[in-house]
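Before I ask anything, here is the structure I am working with.
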């Protein structure tokens, strides 16, 4: 088995070229790979297509930083605060430049990835019928079911070039355990041509192999594994740290204008060479305030025979 | 509204109205903010067997121990009875397993269609809203839909410019015509009133005005000639028990002040 | 929360009426609900449709016992020994009576259940194109994809009336943990109108709630939970007991003729009022020989915050 | 075949032939019995990075510690790198992630079509076989297919009466015509020979006869005028290393005697 452990900068440089379609933020509010997103911004990647269900500020940051030419998502904004100002500026005023928006709902973006994961051309659903999401979409397509003639909306398979998934732990060979709310992580990992895991901990393979039902996807889909403790901040990681609600409020405040956002980006992304520097800038007290207050361990499971 | 013992905020009354939409034993697509408090309130009053679904893949039969900022917050995972893939969870919604769903919106129109996408045109929006999330799926697939809105005239246009979450389209049997398998809005819970929909035309109508508002006030803040149900009345205020429970769930008043 | 704990005889009497479509044996070779199947036989249920991927002798037993009028499955036989004699007699000689066979492959029967689980009318796949499975099937349907005109095979949704799933542990409220090879258990549990769990152990709800990612399906789908230790024998239950290979060989030997099978059925099913009696008849020594020799526990997982 | 030091069974030679189909780094849909031993042999010789898939939802990068009677046996779960839903696993096959798959069959014909369903007619079969299992999916979707067969004339009809697992249909570009996305049989490994398929017509042809057999013997046990490849030769026997490894994996000779 090959060692897939890379630094964040090498992983992004090697596997997220300009023009890639990148799925991220797949667990919805938790496990958002902010550290990876910030490295993409620092490497000045351009013309990315971002794929996700809802995106809790990461897409907004990357849009504002000029990395993005296309969004295929159900929701882009700031979950606890509301709108995303960079998303608004890009769509309303083409600032920093125009982006193309392909609107999905959470179910339909999940089904689009699932279709790719299943190797089927599309999945016919009955959600969104009659909506303007369906009417305006470049790919969704209204067709009567050949079975009984009733309307369906075909959701074509969507295959990301790469899915970036933050997890609790991974091994160097490319296998990961994730738990909690997982959203469409599995569908994206299986659909994508390749997966980059960013992980709170790198553990021996035995730890991962001890619980194969909890593994997200097979290692042959894995491009790289990056050790990135704190890499999901300000989003939460079950069993590791809590959501930094304040950071979302601060981001909301400091992204109202392009100038505000430029300063925020400089301070929190450009000036931080890596996640360790970022956490250092966040401060030990604030970071400690997000730490676990209680442990709640899963009941034992015996794979013996 | 009034000061003194019985004082409450409009949000608290909305939570109470939302809780009353939940029947005991129902499977409810919960969402965040006020509906989440409504779920907790219903569980502790008339609907102890209600089950909550969350689009990140959670099923809960107990409210979380702590107030949530997002459905993905760690306290919402702990004690969940199922934490699965979004697609598996939404599949249950698509099967028709959820009797009720809650959504919010920036705009709602005469036939209960919701816009959470584009104010103005899609090509040149004056405001780009975040989009559907799971809202359009819930509106399409839940057995009944309860809509939570601030009641302002600009949020109640006669016809939304963009249907993110389908209501009754242009009325009548539009939902069946477009192929939606069930559902449609049953209630619109606003800062001024509780509204419903006529069984035949599916046009929105005023069911009850909140204390402090009136039929005239509600109509003045609605962007079309709002119909009024024959049985229209004042919304019963929260009971002291209901207020106590809401305040236990949101002691800082984060969502309700 | 309601208590869903029932005896096996009550659960089968209440939730598996004549004419039901029943999904079982969903994890392929392990976790086969033999105790439930035997109770169905004892209650002389008739005209059942059996749904499953492969079936390792349980379907053959139920066919021979006269319970079955229709099979919707990918494979019916005896995995380590080969053919199923009762299945052969029913299809070749209409003994004990004729059955209708709807042939699937493992992928297509999984997709049929998945379609029902997703609430979509069908899933269009590219497997089985050109095969006689596709040509002869009453439901599979060849249609060009509306996206590009290429051939696809539509797999319509298949909703069982009830799925019977053997699991390692469940609580009285209707939630279950299962692990190991799980095949199409999840798809069937979500697709079915209701689920009966038969469980090695009934545990407090806290045990199940301690690991929500391992729960198979939500309790509102659960009809009944049955405490059935040893209920999967001779199939294996990871962490509990191993496969009794010899039992499959014995069944093969003792089902060659209708008379052989009648004697086998009398001895192992009809004469055993319940699973405790069955295990007693099996003998403590043989049962002990299937016990775990080693424990292998899953690495700890912390749901705390 | 021969007695003495180099003695081996036909099954052992078949395992060696099957192992030689596996290239290093490939993702292989393994199946049971002989291919399972072939996977173990290949991993320990020329293909240490091969990955094994199993239709019950397992991915393994190491063979199991013990001989298996079924892929669902507990030793096959322990040490798996992924234990998932069958549908998720088969989806990877459908995507084209598996370069090679193994299947067995009761009958194979001139164009590599397999019957594991009905001998005789579907309506009035003389023998009802167990059916596809995952075989038809593997034959439809794997990059290359390797077929394992007993070489008897009745098992090699010119045309199978029922195509469970599609080979090349009636030859040529039939697979593309019916819409199969890729694949087709690359090898037929029998008790008498190794066979392949012509690139153009996709007709089966003899590549090598096993020691103790001959071109004539193979043709006599084949139900049509079997073509012979220009480069036809005798199958190289197992090396002593190969035999040692096979016997370590199946010490009782359960599958290989």
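Letters are used for the chains, namely A, B, C and D, taken in the order the chains are written, and counting of residues starts over at 1 for each.
As a working rule, a contact is a pair of C-beta atoms (placed from the backbone, for glycine too) under 8 Å apart; a residue touches a chain by one contact, two chains touch by 3 or more.
No experiment lies behind these values; they were computed from the predicted model shown.
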Most widely separated chain from chain C, with each centre as the mean of CA atoms: B
Chain pair, A-B or A-D, that carries the greater number of C-beta contacts: A-B
CA centroid of chain C to CA centroid of chain D, Å: 28
Euclidean distance of C-alpha centroids - chain B vs chain D, Å: 58
Chain centre separation in whole Å, for chain D relative to chain A (CA means): 40
Chain D, residues touching no fewer than two other chains: 58, 74, 77-78, 83-84, 87, 93-94, 141, 181
In chain A, residues with contacts to at least two other chains: 111, 118-120, 125-126, 150, 152, 179-180, 182, 186, 208, 213, 236, 238, 242, 296, 303-305
Full enumeration of touching chain pairs: A-B, A-C, A-D, B-C, C-D
Residue numbers on chain A that touch chain C, as the complex places them: 111, 118-126, 141, 143, 145-148, 150, 152, 154, 156, 168, 177, 179-180, 182, 203, 207-208, 210-211, 213-214, 236, 238-240, 242, 292-305
Touch list for chain D against partner chain C, complex: 32, 54-58, 69-74, 76-78, 83-87, 90, 93-94, 117, 122, 124-137, 140-141, 162-166, 169, 174-175, 178-181
Interface residues, chain A side, partner chain B - complex: 27-30, 53-54, 56, 73-77, 79-80, 82-84, 87-88, 91-92, 103-108, 110-111, 114, 125-133, 136, 150-152, 179-187, 235-236, 238, 242-243, 245, 248, 296
Residue numbers on chain D that touch chain A, as the complex places them: 27, 49, 51, 58-59, 61, 74-75, 77-84, 87-88, 91-97, 141, 181
Touching residues on chain A, where the partner in the complex is chain D: 1-2, 116-120, 175, 186, 190, 208-209, 212-213, 215, 217-221, 303-305
